[in-house]
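Structures incoming, each one as structure tokens.
Shared between the two complexes below is subunit A, which pairs with subunit B and subunit C, respectively.
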Partner chain A sequence: MNGYGAVLERITRVPGVRGAMLVSVRDGLMVSDQLVEGLKGAAVAALAASLAQRVSRALAAAGAGAPAFWHLHASDGGILAVTAPEDLLVVAITAPDVNAGLVRLELLRAAEAVA
Partner chain B sequence: MTARAVEPWAIAPVDAFVHEVQARLVLVMTPAGQVLAQWGFARAVDVMSAAALAAGIVASTGEIARLLAQRPFAVLNHEGERTGVFLGSFPTGRGPLVALVVYPLDASSVGIVQLFFEQLAADLQEASPKEPATKQVLAADFERELADSLNALFGR
Partner chain C sequence: MADDIRTLSARLAQDPHSLAFLELGELLRRKGQIDAAHRVALAGLGRHPHNANAHDLYARILADKRDYERAFDEWDMALRIAPKHLGALKGLAFLYFKVGDIAQAEAHLAAAQRAVPDDPGIAQALAMVRGAGTPGLDDIAATVAPPAPHAGALEAPAPPERAEAGTDAGPAETADQRLEEAAVFAALDGGQEGLLLVGEAGLVVGGALRDPAGRDVGEAVAAYLGGVAQEAARTAKRLDLGEWTGLSVEGRVAHVHVCRPRSDALLAIVRDRAMPLGRLAVIAERAAHAARRWLERQA
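Entry: the complex of A and B
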């Protein structure tokens, strides 16, 4: 496991987290991941990075500054993401009943750790 | 704007791909450079140039892979300052095809292109006739065949 792997593993220890990954926003490619089997990591990475770019533009247009954290909550799960330095995104894929506050805290720690 | 194709079964998959990726230019061709479908090109000469250059890249990287005792590269990607160029090959009922994709980096990414390229390959594989094209283009007919293809690709 590389250094990023250890950082991501902390996120996956939160109950209800199915996987975590570090994504390059510009490329939409995974830098590192800790995912349960069956999750389409490459697809999530590409689409999450695309979404992050669009959210950034929407917030900039609204004069709200750069996004720090976003959470998409769906019926069968969710995606939480925190922006990290070097144009990276720390992403967690979760079950619907996860403690989002705790996941956010771990994502912020991970973003600090990769800085 | 929709894709233009020499064979109509290629139009819907290319249109869907362009929509998802927000590609600027797309060319679907054989590894030898015979164009099957195009999206975004305004001039026939640009299609011919891009197809010839892409075929050259496929041939030269295939040869590098052969020298390294590797299988040919499935995908090549080049990122410039504002634009990316993606070249990927895939099998179909009509034999192997190559897709050349030019995409803007401010609206798309190599991850998105790679993701939907897999879908494009699957869609073209499913849509393509199962028997390979048997018609041989003779040297004497080459110019007429080329003109017919370009007319189809530009809706003339």
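Entry: the complex of A and C
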């Protein structure tokens, strides 16, 4: 496990988190991951990066500033992400009944550690 | 008054966590310096998010700016923190009266009178509401004008039941919904900003949005949100997350929540960072219900 792996593992300890990963927003590639079996890291990275870029553009247009954290809510789960330095994104894939506040805190910690 | 403002500003500069912002914000508001009052109240609220008086002050400033939807949210929050908060009871009475819900205006004034039986202003407002039933809005606004806050006097650890404020929980809930619906309808009709309803083609259907510099950014944001929705749907589908239902975003300047009142529409709400993201999601979901009804009316 590399240094990032240990940081991501803390996120996956939160009940309901199915996986966590570090993504490069610029090219949509996975930098490091801790995913349960069945989740395709490359797809998660590409989709999360693409969504992050679109969210950034929408927020910039609204004058709301750069996104620091976002949470996509879905009927069967969700994706939470925190921006990190060097154009990175710390992402968590969750079940629907997860404690989003706790996941957010762990993502923020991970983003700090990555910095 | 100018001396007071200088003194309070200096006290606040010395101790940014001081509750002096309550008095300073109110003084600025009364002096007509609404934007300055707004900044002071917002900064104070950021430091004291559980202070009922801070929410009350902010609500009064928003009401001065005719942003009644947000004023309602702030007074509602003040009452959740301190169920007998006089300023919040009077403020909500004013808003209920404004949308023609005399029964709720009276109920809130009666609750205010129970909290402070000797207040002649409340008695006068109650008499007006119970009397002809058609007093001018300015009259009742002047009569129930919320008082200056008393620093820390009503800061309380949040008992949750609003029934303690003297209102019947059932009808109050219905009236709350009516008021919220009226506020959302007004916003979607272009009366207020911060709420944007977007059609599936990424075009504005209702509401308005301005950036912090005051520029109208509704159309640009609507276009980008169309792309966000497509990407959100694709992401949820590819990762087996089911149907996407909403997107909460914490921006460096403001918080945004996007939800789907219908499969062919998006509703975006933008608020100051002082509003917690979770609360914004709750408000957005309630607004989505009202937006659905608004869309039905447009059909």
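Miscellaneous remarks
Following the convention adopted for this analysis, the second predicted complex is superposed on the first by the 115 of 115 C-alpha atoms of A that agree within 3 Å, B and C clash if a C-alpha of one lies under 4 Å from a C-alpha of the other, contacts with A are read in each partner's own complex, and residues count from 1 in each chain.
Keep in mind that, in the parts below, a residue touches a chain if its C-beta (ideal position, glycine included) is under 8 Å from a C-beta of that chain, and two chains touch if they have at least 3 such contacts.
These numbers were taken from a predicted model, which means no experiment stands behind them.
Subunit B and subunit C, once both complexes are superposed via subunit A, fit side by side. Applying the stated contact rule after C-alpha superposition, one finds that A:G28 touches subunit B and leaves subunit C untouched. Touch counts on subunit A: comparing subunit C and subunit B, the chain ahead is C.
Using CA centres, the angle subtended at subunit A by subunit B and subunit C is 120 degrees, rounded to a multiple of 10. In the superposition on chain A, A:A68 makes contact with subunit C only, while subunit B stays out of contact range. In the superposition on chain A, contact is made by A:L47 with both subunit B and subunit C. Touch criterion met: A:L39 reaches subunit C, while subunit B stays clear of it.
In the superposition on chain A, contact is made by A:G77 with subunit C only, not with subunit B. Applying the stated contact rule after C-alpha superposition, one finds that A:A58 touches subunit C and leaves subunit B untouched.
After overlaying the two complexes on the shared chain, residue contacts for A:I93 are found with subunit C alone; subunit B is out of touch. Nowhere in the superposition do the C-alpha atoms of subunit B and subunit C come closer than 10 Å.
43, 47, 50 are the residues of subunit A that lie in the contact sets of both subunit B and subunit C, per the superposition on chain A. For subunit C in complex with subunit A, the touching residues are 209-213, 215, 217, 220-221, 223-225, 227-228, 231-232, 234-236, 238-256, 268, 270, 277-278, 281.
Within the complex formed with subunit A, the subunit B residues making contact are 79, 105, 108-112, 114-115. Residues of subunit A touching subunit C in their complex: 39, 43-44, 47-48, 50-51, 54-55, 57-59, 61-79, 93, 101.
Contact residues of subunit A toward subunit B in the complex are 24, 26-29, 42-43, 45-47, 49-50, 53.
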